[in-house]
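Got some structures for you, see below.
In the two complexes that follow, chain A is the common piece, with chain B as its partner first and chain C second.
Right after this comes the complex of A and B.
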């Protein structure tokens, strides 16, 4: 049981490494990361009706092993660095017009050089898996020790180091309220939300640091400014891609960052769309659960938002079903729906009606009425 | 409207920095690691300034529901 509970969360590490190998092997394999994303969407849709509770032994102790799970999460930092290096290597070959030919590396065939179309595949694969990897940045943001720094570094690979502070000190405290840019109000589409949520969370971190430094009598423009420091953590990525491909390298990194941040904001969008909190503590009803089996295992239980937002310090493998609002489908399936705003509005309408009827307070209903 | 103004200013600022990099020959020297470091830092500063431009011009737009 212990092995099963711990091993089931290895889907993303395994697939991330496969995506990296695909880029390194080259040719059509550069698209493997994209193909895996498509495959995951199919699996998630086919298994949407399977919902499993968290696993505990007779004494109520979780089977999850902290040392192992943290080891995996820390291991993901070098994995995501390797993903960027693999892409940069291919960009370097493309800009250097390296001839397309099959070579051998310890008996394994790989394509030296890369075509334009396969480079697009490598960029998309990198963006998707950098974005999916953000789940580790999220989980570690709740760690008050070295995990917080690892979270900042993982997020910096996608130019979003500000997330770590904003997530803990803004999103978790102001959830369901206008003060939380990561909570999408009713009627907003995922594209507008991705922009506003990203900028809003960075603004929060900027204001946080400005206030802190001004209290100390220091200027905002300061190396002690953790908002600026967060962006500086992204400098190695920028230098790598500039060096590897000049303008093409910068364009590729830009695409990777846009995709990664879009996926991050899609998770925020799906987790809280349309839910309202006017006062009092955050409750289970202020989040949407997405706990179908594949989503739970793939996204290391990030879909158990209802429990996570009430017990933010709880390890992901201990999060459970708390019978909060639930879309009933997984993140991959829901993500596809959100990409078509008109379809998403139609889909979510019945869920919001249910929330208004069975979960909302009078005050929350009054706010909801303003959206009508 | 403020968001639009902010975007215009961000594009303008990015264009100025991009042109500057072009005129100093960044596109010819980027494979020199020192040049790459300088270009990378310039791009990062461009990004940071773009964020501040947005904050100052668009204000608390990300925090507005209505």
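Right after this comes the complex of A and C.
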């Protein structure tokens, strides 16, 4: 049981490495990361009706092994760095017009040089897997000291280091309220939310640092400013891509960051769309659960939002179904629906009606009425 | 002399000033989670160090803060020894002051 519980969360590390190998082997394999994303959507949809509880032994102890799971999460930092280096290597070859030919690396055939179409595949693969990797940045943002720094560094690879502070000090505190940019109000589509939430969280992080530094009598323009420092953490990526391909490199990195941040904000969008909290503590009813089996394992239980927001200190492998609001499907399936705003509005309507009827307080219903 | 090789205790004791309340904190557990497990009605809301509801005043002992308290507590509070229980690991037995009526 211990092996099963720990091993089931290795889908993303395994697939991330496959995506990197795809870029390195080149040719059509550069698209492997995109293909895996599509495959995951199919698996997630086919298994949407399977929901499993968290696993505990007779004493109520989790089978999850903290040292192992932390080891994996920390290991993902060099994996995501390797993903960027692999893409930069291909961009370098493309801009240097390296001839397309099959070479051998210790007996393994790979394509030296890359065509424009396959470079697009490599860029999309990198963006998708950098974005999916944000689940580790999220988990570690709740876990102290060095874990928090690793979270910042993982997020910085996607130009989103501000997230770590905004998530803890803004999203968890102001969830469901208009002060939380990561909570999407009713009627907003995913594209508007991605921009507004990203910018709102960055602005919050800036204001947070400004307040902290001013209390200490320091200037906002200071190397102690963690908002500035967060963006400085992203500089090595920028330097790497400028070196690898000049403007093409910068454009590729921009696309990677846009995709990664879009996926991050899609998770925020799906996790709390249309839910309202007027006062008091965060409760289970202020989040949507997406805990079908594949989503749970793939996204290291980030879909158990209801439990996570009430027990934010709890390790992901201990999060459980708390019978809160539940979409009943997984993130991949729901993500596809959110991409078509009209379809999402139709899909989510019955869930919001159910929430208003069975979960909302009178104060929350009064706020909800303003959106109808 | 060989303090570095001395195993650290597996738990510490916490006493609330002005009351008979005392409970133990296992290594790796936060002050707040141990208090709640022991049945202490410790005020809390977010448990992630962002709301400040679980703050208390450290009167004696050593702690290991898990997050920077200065985002939530102001300068005078920090100087007076206020800490966030949800983000506090222990390095010794503690004596803390907590307003249980708030």
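Please note the rule applied: the second predicted complex is superposed on the first by the 372 of 372 C-alpha atoms of A that agree within 3 Å, B and C clash if a C-alpha of one lies under 4 Å from a C-alpha of the other, contacts with A are read in each partner's own complex, and residues count from 1 in each chain.
Going forward, a contact is a pair of C-beta atoms (placed from the backbone, for glycine too) under 8 Å apart; a residue touches a chain by one contact, two chains touch by 3 or more.
If you're wondering where the values come from, they're calculated on a predicted model, not measured in any experiment.
J.: Both complexes share chain A, so when I overlay them there, do chain B and chain C fit or clash?
T.: Because the two structures are overlaid on the shared chain, the partners are seen to fit without clashing.
J.: Looking at chain A, which partner touches more of its residues: chain C or chain B?
T.: Comparing touch counts on chain A for chain B and chain C gives B.
J.: Using the superposition on chain A described above, determine whether A:134 touches chain B (first), chain C (second), both, or neither.
T.: A:134 sits against neither chain B nor chain C.
J.: A:142 contacts which: chain B (first), chain C (second), both, neither?
T.: second
J.: Does chain B (first) or chain C (second) touch A:169, or do both, or does neither?
T.: After superposing on A, A:169 lies in contact with chain C but is clear of chain B.
J.: First (chain B), second (chain C), both or neither: which does A:190 touch?
T.: Neither partner.
J.: If you stack the two complexes on chain A, which partner ends up touching A:181: first (chain B), second (chain C), both, or neither?
T.: Touch partner of A:181: chain B, not chain C.
J.: Put down the vertex angle at chain A formed with chain B and chain C, C-alpha centres only, nearest 10°.
T.: With chain A as the vertex, the angle is 100 degrees.
J.: Just checking: does A:312 make contact with chain B only, chain C only, both, or neither of them? Give me first, second, both or neither.
T.: The second partner, chain C, only.
J.: Looking at A:159, would you say it contacts chain B, chain C, both, or neither? Reply first, second, both or neither.
T.: First partner only.
J.: Between chain B and chain C, what is the shortest CA distance in the superposition, whole Å?
T.: 18
J.: Which residues, counting only chain A, touch chain B once they are in their complex?
T.: 159, 178-179, 181, 185, 196-197, 199-200, 202-203, 206, 228, 231-232, 234-235, 238-239, 242-243, 246-247, 249-250, 370
J.: Under the stated contact criterion, what part of chain C meets chain A in this complex?
T.: Residues 30, 33, 45-51, 66-67, 70-72, 74-75, 86-87.
J.: Would you tell me which residues of chain A are touching chain C in their complex?
T.: Chain A residues touching chain C: 142, 144-145, 148, 165, 168-170, 172-173, 208, 212, 215-216, 281-282, 311-313.
J.: Which positions of chain B touch chain A when the two form their complex?
T.: Going through chain B, the ones touching chain A are 26-27, 30-31, 33, 36-37, 39-41, 43-44, 47-48, 51-52, 54-55, 58, 60-66.
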